[in-house]
Amino acid sequence: MEWYDQLLQYLITGITTGAVYALVALGFSIIYNSTEIINFAQGEFVMLGSMIAVSLFPLLGVPLWVAVILAVAITALIGLIFERLAIRPVRNGSVINLIIITIGGSILLKGIAVLIWGKESRSLPAFTSTEPIKFFGATLSGQSLWVMAGTLLAVILLHYFYEKTITGKALRACAFNRKAARLCGISVERMVLFSFGLSALLGAFAGVLITPITYTAWDAGTMLGLKGFCAAILGGIGSNPGAVMGGLVIGIVESLSAGYLSSGYKDAFAFLILLLMLYLRPAGILKKKLEKV
Amino acid sequence: MLRLDEIAKSFGGLKALDQVGFQVQPGEILGLIGPNGAGKTTLFNVISGILHPDSGKVFFREQNITGLATHQIAKLGLCRTFQNPAIFEEMTVLENLMAGYHLQGRSGFFSAILKPPWERKEERSIRERAMEMLSEIGLKGSAQAGAGSLSFGKMRMLELGRALCSHPELLLLDEPAAGLNHNETEELAEYIGRLRSRKITIIVIEHDMSLVMDLSDRIVVLDQGRKIAEGAPKEIQRDPAVLKAYLGEEDWIKSLRR
Amino acid sequence: MKKLALTAVLTVLVGLVAISVANTAEQAKETYKIGVVLDITGPASSLGEPEKQTLGMLAEELNAKGGINGHLIEMILYDNEGDEAKSLIKAKKLIEQDKVLALIGTSQSGTTMAIVPTVTAAQIPLVSCAASWKIIRDPETKKTREWVFKTPQSDSLAVTKIFDYLQKKGVKKIAIMSVSTGYGDSGRAELQRLAPNYKFEIVADERFAPTDTDMSAQLTKIKGSGAEAVICWAIRDPSAVVAKNMKQLGMKQMLIMSHGVATKKFIELAGDASEGIILPAGKLIVADLLPATDPQKKVLIDYRNKFEAKYKTPVSTFGGHAYDAFTMLTDAIKKAGPDQKKIRDELEKVKGFPGTGGIFNMGPDDHEGLTKDAFMMVTIKNGNWELVK
Amino acid sequence: MKRDWGIWLLLCAVVFGMPLFIRSPYYYSILIFIAIYGIVVLGLTLLMGYAGQVSLGHAGFFGLGAYFSAILTVHLHLNPWPAMGIALIATVLVAFILGIPTLRLRGHYLAIATLGLGVVLQIIFKEELELTGGPSGMGGIPYFHLSSITFSNDRKYYFLCWIFLIILYGLSINLVHSRIGRALRSISQNQTAAGSLGINVSWFKLLMFGLSAGYASLAGSLYAHYLTFVNPSPFGFMASVKFMAMVVIGGSSSLWGALLGTALLTSLPEFLAVLEDYEMLVFGAILILVMMFAPKGLAGIFSWIYQTIRNKVKKQDAPAG
């Protein structure tokens, strides 16, 4: 394998994982925008999405795409319920309180998953053929194409949603200035609820996309959640394009450092990049400056 | 005492301060007025180091303090109060004042955890001085009360008292009379007047025109981030630029004319 | 207030009565207590769960038969949640509070290591279900630990089996993929230690975290390294990802896995990427394929049928480790009676015992009792196990 | 202040009285872990409750203490006492170096930065095989000894750990009721106002970060010399979360509340062993419910009860007096 083929392969790998991180990061970003809450249960939405898909698919015997859509929808619903039960009552709590509530929520969701599905890992079949596809000197699987395409689609739809629909504009207004949004007759409560549903949906979507490549289990969401959080911060929390960029950067950094530096320290590199960035540019890649008020 | 050179600060595209410059003489009380959104509080934030200006310089006793951190500026003898009294609500009234004596204390980390006799002595003396300050601002009765349980007017007095604990040479007061009733305002005015005799220089932002006209030696007027007038209270009341700035705010004009 | 006090007094009285009633209902013969600490929840739950199920089944069965020499056994089982501190607390509770005769557990090397000093000081026999040789031998002094035994086959045996096979196939260059857990680490150390004996060249030595979802980068590096065989040393789940990634990358190298993946579940997780993988495995998963003359065959099929009938889930080697631990320990108690020193001596005297993990021959200097013959080389074909000829 | 020292005295009495009632090393070992975790949580309370900073990486400092102690005693054959001291200094130094840039950050940024620190530290424990023994850990760590006493049995170790805790608790009480304590509390309530009083906000934050890391390091050393074995798994993200949960459930702005939280979360699972699969569910639910209904934790509930009773008593007394 020539060096450039190898590099290409690392990049493909990095982009595939990075795309998943990006979806999770988008979830963080959406919730942060409307509430300034970091939702530590975001990773669990990923897990729930794939778990539900896995149990719908072979158990009910529905076609794969039906299972995927249902799983994403059900997880979005869970996101809504989570907001109503755990977040709304304490909306105005301190940062520490909210962090702990969402951590509590993540543990709770994991506990529920163990009760329903047990501790065994499960997997989904690939959406389409599993034969590797040649791409210049590198190879990629059908499923990683699905991951990349799915992420791209989600980003485009999200962009369209934010720019063109009333609800999307209302969400943006909330992110910009909650008080002003309320004065304009936007129900901030509804928007917060909606943003939890939306980010649960994105998380679940990430989950079903990646499960055929890996596997899923009750605790599979935690690390993905942390990486997604990193990505969201790296891109500048609250910025959607930033979240996508952050995800891709972390994916590629991981893959390159595993390839060229040390595979054992791969995760450490991802976090070190983040720390370095926080020191040098605390507002993230895409945000200009952190205003102190 | 204080000199501002061409201070500019903008948020996004909005120019909050645009080339503002003036001087404050030692022992003087300077009134800072202007319509809402004129940039008065932003200017205070720049002087006290909470915000850093985009351009321009701040000199305090001929020393350039632009870009210094808040606590460094405070250490030089510049202290301030806030529009919404920034008292520590979960501490007692006495503790609030004792926190005000922070710069007066010497005790560091090791003496704090080991409590040698000299540290105890220092604590006692700070406590005594805080009690004195309490009676000075008329809060002696509520020393052990939670600061959050005070009435709004008393919170203002507490904040003012706390600012004085560090023996500032220059004191910035951000709307000290806002939210006070008539009696409280009078008490406050009288107290600020007494500070003058202690040679404390004061800059005060105030919307209560009669108060600010009575107290101030000189007045600076800001409008939309720019200084539009500077001078003695009498001159300001007749300044056409000032009247224009306040146009449409009938009450203000009335109070200016009074 | 008075009401409250009255209620309290009444509650205490009722409690006391209940306790004394319970005490009068004593059995004719004193029960034998066996303490168990397993990693039932937490990161190693896929090991602890089948172990717990197996022990529950065996204890029930033994008591139904009348126990050991007429003494019923009482199995006291605690979960350490995969946490070393909890492991130690539970072991102390079993030893001091519950006064058990002997201990079984834990599921992982780390959690076992945390209780080794305690059982040694308390002089209680411990049969561990974790694999590392450090459990039974002090890595500093190389002395066998007097009170500790283990049932899983040591990694060195699996490595030897793999290397024998690779040598036969004429492989010269190998690549290692290991997971950064205790299991992956000790396998890696054995691979590195034994490779020179076989004149193998290790051309790549990559690691990954157990939570990783993609190992393509490491495999890409291996792809370019000229390795003829990839040896992946990891527990089941991440190993499945390695298999899938290798397939995605179109790698044609021989893929060898460790015995840690020897469960049906692995084939399910890896899907068709598992085809052609070769691994050393205990005989449990290929029991049906064994010749009738194999002394283990009956034990294996027996255990598998009973387990699968009771729990409706496939057996795993981990449950098998618990099976061996329980059977050897209860046999020893049967011979020794309720005397910890004698039980220990009996465990050391086990000879020719056919367990699920192999034929055990313990000795004063061998608290594992297995040889490389405990393993068979198997491969996966059409979603099922097959013996490698 | 008087109340704090009262609780401290009560704690001393309980600690030294306890051995009259318990015999079993099992109970001692639970109490030992309560003391060890209690020391970490005490430091974390000073950081979170008094300086208002979040840390999701404290298990990393706990691990640093444990590993420094282990490495110094096993590889360099140092006596455990100086090893513990060196571990303390080294960990505080690491915390200072890492803290300088980190503590400029606020809120969520600080949370992720400390989380990242914790993750990186755990990876180092896993990957530096030569030094740390890697994921399988390192054993053979010696016990503490003092002339002829070896702290190998649970009863002796119990006294050792609790004496450490009592001393650190006492020092913390002093700290809280001092010029620095006031500065810290004012920072946690209003950073800007604190700064305008001349309080060097970032320095005090850094000081607390270093101090709490130091507490964690001491606890880590005590952990290592008790288990005589360390591996990376107890020093991960979930451990940091548990420490934080102990702080919060106990009540983050009260030192004794933190100890209460530690005792509860460490011992409760022992008595609720039946929970097993439900444990995570219950733990998660408790965290959410406490934050919703008692954001000041157990300490808040107790203070409330205390106040209510006192008010009632006062009312009853009033007509008579």
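Going in written order, the chains are labelled A, B, C and D, and every chain counts its residues from 1.
Simple rule for what comes next: a residue touches a chain if its C-beta (ideal position, glycine included) is under 8 Å from a C-beta of that chain, and two chains touch if they have at least 3 such contacts.
Note that the structure is a prediction, hence the values are computed from the model and not measured.
The central chain here, found by comparing per-chain C-alpha centres with the mean of all protein C-alpha atoms, is D. Ranking all chains by how far their C-alpha centres lie from the centre of chain A, first place goes to B. The centroid of the Cα atoms in chain B and the matching centroid in chain C are 71 Å apart. Taking each chain's centre as the mean of its C-alpha atoms, chain A lies 47 Å from chain B.
Centre-to-centre separation of chain B and chain D, using mean CA positions: 40 Å. As a whole-number value, the distance joining the C-alpha centres of chain C and chain D reads 35 Å.
Multi-chain contact residues of chain B (touching two or more other chains): 50. Looking at chain D, one finds that residues 126-127, 277, 279-280 touch two or more other chains. Shared interface positions of chain C, i.e. residues touching 2 or more other chains, are given as 41, 43, 180, 207.
Across the interface of their complex, chain D is touched by residues 32, 38, 86, 89-90, 93-97, 99-101, 103-112, 114-115, 222, 226, 229-230, 233, 237, 262, 264-265, 267-268, 271-272, 274-275, 278-279, 282 of chain A.
By the touch rule above, chain A contacts chain C in their complex via residues 1, 6, 9-10, 12-14, 16-17, 20, 114, 119-123, 125-126, 130, 132, 134, 139-141, 143-144, 210, 213-215, 217, 219-220, 222-224, 254-256, 258-259, 262-264, 266-267. Of all residues in chain D, those touching chain B in their complex are 171-172, 174-175, 178-183, 185-186, 189-190, 192-202, 207, 211, 253. Residue ranges on chain D touching chain C, taken from their complex, read 24-26, 29-30, 33, 126-127, 129, 134-137, 139-140, 152, 154, 223, 227-229, 231, 233-234, 269-270, 273, 276-277, 279-280.
Chain D meets chain A in the complex at residues 48, 54, 101-102, 104-105, 107-109, 111-113, 115-117, 119-120, 123-124, 126-127, 237, 241, 244-245, 248, 252, 277-288, 291-292, 295.
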